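After this come two complexes, each holding chain A, first together with chain B and then together with chain C.
Coming up: the complex of A and B.
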């Protein structure tokens, strides 16, 4: 029974997708908080704002930014997938929609953004 | 449509809106001008844009949509994983709404001295 339950969780994409959507959603809400906190420094003038931005220049933050890209893409594509399912599009091929449509296309988009970000942000910063 | 069905629907609509808004936001902040393209984000690089009232309005609307989507999503998570009675659920909704309004004010305030 336990074995079966474990299989259920991974066999049906909806279960994995549901958890991913919630975990990435929480991360994005946290990011929005950090983002508004930084943008709010605009009200304290150019020096304060530029100083606040400077802390994001180190390679560790550049890596985190690449992680953010992954999280955004996954949440967006999975969100599009589930909205289409809600409109009863793609019901007969749920696994393919999830692994191909959200994860596969997502990975492609991610690499398209992540490679230049890594080269210009992390490598240049490390030099 | 009941309240929760409306929220469920609104979550989809704001989600779809956010895909478009976020792609546009990403474009404007990373690819639109030379310094931004080089990764040189500074006050000076974005000053002209953020002084424009129309852009401020767009950014504020963007924040409102994102906050609704994010906090409504958080509400879904809290109410799904807890078995709380309706009055407490309403309190959760109230707290998240208040947090959203404060957060909104915080965001709008960023433009105070522009």
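Coming up: the complex of A and C.
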């Protein structure tokens, strides 16, 4: 087992990408459970739904929402990268595709979305 | 000085019983592949200065049984290699039907950077999936199958494609981690070969168009 884990190591861009894809996939799965559970409250009437939504109005949840944005962007861009690699596009520059295409572009998109979310959600909520 | 030179020096001066493999010493035979600081490399083509650390940890290739010290048995590697039906299958006409492969043909172009495999086992050792599945054929065998399928003179393409079209052992087990491509001492894009095989396996009819 130890040997197996040692070979499953953080060394190359593709391996880092593989792990990030798995981790973000699991986080999205967790989010989907929370999402479906909240939506399910609709079937219990408006009061139950409003009560469930009230839990999400605190600044900590707004921060988690910003984290969710990062997870979605990374998972989506990494997925697009993998799809393109499956079509034999970008194999010779796979490191650049990951660090530039998925992480770099992802960071830019994240900042574009996260800053307004932070200002309107967390800061307003804190006031 | 290379890592192989260092191994010889250790054997000569410190431990006469040290076992390691080597043959050509110029990166052609693939015999001396070992893990240097965890990364599979050819000992004869690796200079300690390339690694960037003062101390080197030299280990045998992983996913292969160790015979002694740094010498591993490549039997599991070649068992998987055989499963990919690596041998050329001619038309059975004693070579009369052999065709020339022009340098500008699709086969020559597509196989250009995939023909140099020296079966060193570095990709097999680096593969993250190989670390979790002994059934998986591994990158070298799949690259070999792809080369054979590409070859217009070969007559076993369909059978070969069926052999590699496995969820647990074949192309679909690859998760595009690029570890094999990153460590290949010959610079072969093994991940690309596997991606192309996946597309062929998904649409076997496209073999005719190669």
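The rule is simple: the second predicted complex is superposed on the first by the 116 of 127 C-alpha atoms of A that agree within 3 Å, B and C clash if a C-alpha of one lies under 4 Å from a C-alpha of the other, contacts with A are read in each partner's own complex, and residues count from 1 in each chain.
The rule is simple: a residue touches a chain if its C-beta (ideal position, glycine included) is under 8 Å from a C-beta of that chain, and two chains touch if they have at least 3 such contacts.
Only a predicted model underlies this, so the values are computations on that prediction, with no experimental measurement involved.
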Just checking: does A:32 make contact with chain B only, chain C only, both, or neither of them? Give me first, second, both or neither. first
Report for A:13: first if it touches chain B alone, second if chain C alone, otherwise both or neither. second
Report for A:86: first if it touches chain B alone, second if chain C alone, otherwise both or neither. both
Residues of chain A touched by chain B versus by chain C: which partner has the larger set? B
Is A:94 contacted by the first partner chain B, the second partner chain C, both or neither? second
Overlap of the chain B and chain C interfaces on chain A comprises residues 86
Contacts from chain B onto chain A in the complex sit at residues 12, 15-16, 18-19, 22, 39, 41-44, 47, 50, 63, 66-67, 70-71, 73-74, 77, 103, 106-107, 109-114
Touch list for chain C against partner chain A, complex: 38-39, 62-63, 125-126, 128, 130-132, 175-179, 181-182, 189, 191-192, 195-196, 198-199
Going by the contact rule set out above, which residues of chain A touch chain C in the complex? 3-4, 6-9, 11-15, 17-18, 82, 85-88, 91-92, 94
Touching chain B in the complex, chain A uses residues 22, 25-26, 28-29, 32-33, 36, 39-46, 49-50, 53, 72, 76, 79-80, 83, 86, 120-121
